[in-house]
């Protein structure tokens, strides 16, 4: 392995002032093979002292692509770039330092979605500041300042623009479609989400950047920034996982393997494996929970946060007394195998 | 009527290997008029012994279209196909047998969305296996294997692709828009959904394939696979109906006429007519419910599944005791007539 | 100021019969400057007695645009229109009267989204009747009657149509992107929504027409028609605000400043400032609520509607007794400042 933390070569969309709106990295590298690093070193030497990001043009891009290919890195993808006949952006990160540019921000989001880094393992300081707000349209990324004129021109041409969003983060699938996943409504998975093999995101599912479903998973609810679902866990329709960015607390939520968070339920504490929250019940960290023994007797009463990270819990609200209760979970979750076939 | 169960003539999108990604059937036939069957028999004779699916080209397609028209079947639609000047796919089903091909799968989904078959009346065995996973893009259906190269080419041409989903099922409205419906966000209604006349699906509404709203309905919640809503029933925002594919049980849910499932509520049992579930309450099959008489006295306590299919029930969670209760429902639901005007 | 209530000049998409499907007004005027009014009067004089809507062509459009510019009104936008070289629609409203045409309907929706009128301040009588149902597609607005033929033609050309919705109301961002907002999934904000500066609408957020977030706000839930959120209020994921169109009551809901409606919660009464509803709790107007004093003792029991409009309330469902309770709210909501940076 090399001294480089990560490398990417990609294509940017720019606004009228030449500022990048987005960058597509078809085959980022992490870790970076030592042979590839030697090829990269020459290109990076041209960027200027201390710079991580540079432009690579024409023959130099083709040569770099060929050298990386020769070193074993993602040949088809780099061949594609060399054929594009447009200036390329190269980013070489020596360390996982705070983000200083739009190109670095996009590279890190690609690393997550390409499964080269798991959520909560990358330094994302500076991310928001370096993600420009972009109008994501049927004609590609557009600077919001330039949008009215583009709308007018498109109408005049008889092909009106559709604006799919005005946001810092694009949808993942316009940049990366990981193997073995299905995503019913791609507008609900941001670039920077981590989707493991065998994961299905239904229409109501959502994954933020730096959020993950390690796979296989059935995701019909919302995976907030920082939240990770373990294998064979099922997040029901409209189920909520409490994030830390807005409205939530300071605890980063993770949910273990073989859990079932019911439809319209919510989870405000980390869970271990084989846990269930019944449909419609929201477990906040401060909820007072009756813990029952196997005979169904209340053995203690605790705040939910004291149960954080434990396995084999079943949470319900007793339909007679209205009390939130935690029992030992004995129900197995069998994901329907047909839903997980990918052909 | 004829011996044929159903017939469709349509246009396929294919991948680089010539395999179908989708098929659009503008005017499927079920039942098949005996005169049309005679016209079809000749074409089907060419398919080969035992085959249900074949290709029809050029003059043969035009002749078949003309003969079906002469027999009274959907003239405008078949005229359109004949004018397309491309190979057509014809599917002739002698019986409602298990699905053996992508063309058959798409034909059956079209039958549902064209209101030629109600949910739960078709044999859908083999459906998942024969629906390829497709990238649904602004440039049409693309094989996920071919996507990176198409993304590169689109970027080079200055018109980046938008990938709307990567899924087995496409959105219905790209194939069928039934009369008298409004669908605010078409990404949330799958091909194979059944929408009756006068149905409005708001932004939060969702209908899976083989799910239905018989109409008129206001759908602001999720209609899971196999679930059917009766006339004048209102499914509130984010309301959940429990399905059988994932996370749900084995009972197929149907909801009768003039019901109101409140916002953020959920339903895990079949309901008769004129039932209400209050906003925010999830009735699972296993919930213990106090049944009240007209005087408000608890007359018995049952599991919700014992109430399955009954009419005139009002479910609430008592806001003082926290108990789930079932009362006789006397509130009428008046859908706002202006919301149901289609002009 | 002038006698005119509002004025707009825009571009329509029309169906095969020449009827308008939508109208884009890039820079509507309200109030109308007296100098601009003089310029407009001449054009309006051509419409015919009593008519509010007319067509302006060629040199007349350019002259009117120039005169409005000279009067100080939105020069860039009108210059754009003059350059479009297509017939323009002009609407001059003398008063805020009931809507009599599609052009007037679209102008009023634009006034809301351009922040020229707040929700619930415009006369929207006649709105539904004058909004045609349109197929909103990747090729622009299409009359649903004309859709099958357009789908066929698009397939034949190798670029299949995507139908984003079939609805009376288009998405706002195809017409107006107000300054300082982010909208993650534009399909969930209708034209006619009012989004104040600093508002972020996440993927699960929704704003209907004549609904507002005065800004800054974090909107991850549904703002129903007529509902308005005050500054610094946070609407959690899938949170519901009860509307008056369907399924809701007759009370128009407003939510004051610095409120927090938790994820999967719901609000069926107007709230003052600094109120919180805990995640997962739906407060309907008829819910019986225990009101607690600062010592935690129940001081009275009321229906939630009796608390309408009060400030500093914290609503929870007691996790032991299941009772819905209202306490004095002391928790401050600190919106994450990085989420509100717009660069």
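Which chain is which? They are A, B and C, in the order written, and residues in each are numbered from 1.
Methods note: contacts are C-beta pairs under 8 Å (C-beta built on N, C-alpha and C of every residue); 3 or more make two chains touch, one makes a residue touch a chain.
All values derive from a computational prediction rather than experimental measurement.
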Indicate which of the five shapes (line, ring, star, complete, other) describes how the chains touch one another. complete
Indicate whether more than half of the residue numbers at the subunit A-subunit B interface occur in both copies; give same if so and different if not. different
Intercentroid distance (Cα basis), subunit C paired with subunit B, Å: 30
So, in whole Å, the Cα centroid of subunit A is separated from that of subunit B by 30
Which subunit A residues touch at least two other chains? 138, 164, 187, 238, 264, 280-281, 317-318, 321-323
Touching subunit A in the complex: which residues of subunit B? 128-129, 132-133, 135, 138, 144, 147-149, 151-152, 155-156, 158-169, 187-188, 190, 206, 222, 238, 240, 242, 245-247, 264-266, 268, 280-282, 284, 287-290, 301, 317-318, 321-324
Tell me, which parts of subunit A touch subunit B in their complex? 11, 13, 24, 26, 76-77, 80-81, 83-86, 136, 138-141, 164, 171, 173-175, 177, 181-187, 203-204, 218, 220, 234, 236-238, 260, 262-264, 278-281, 317-323, 333, 335-336, 338-339, 341-343
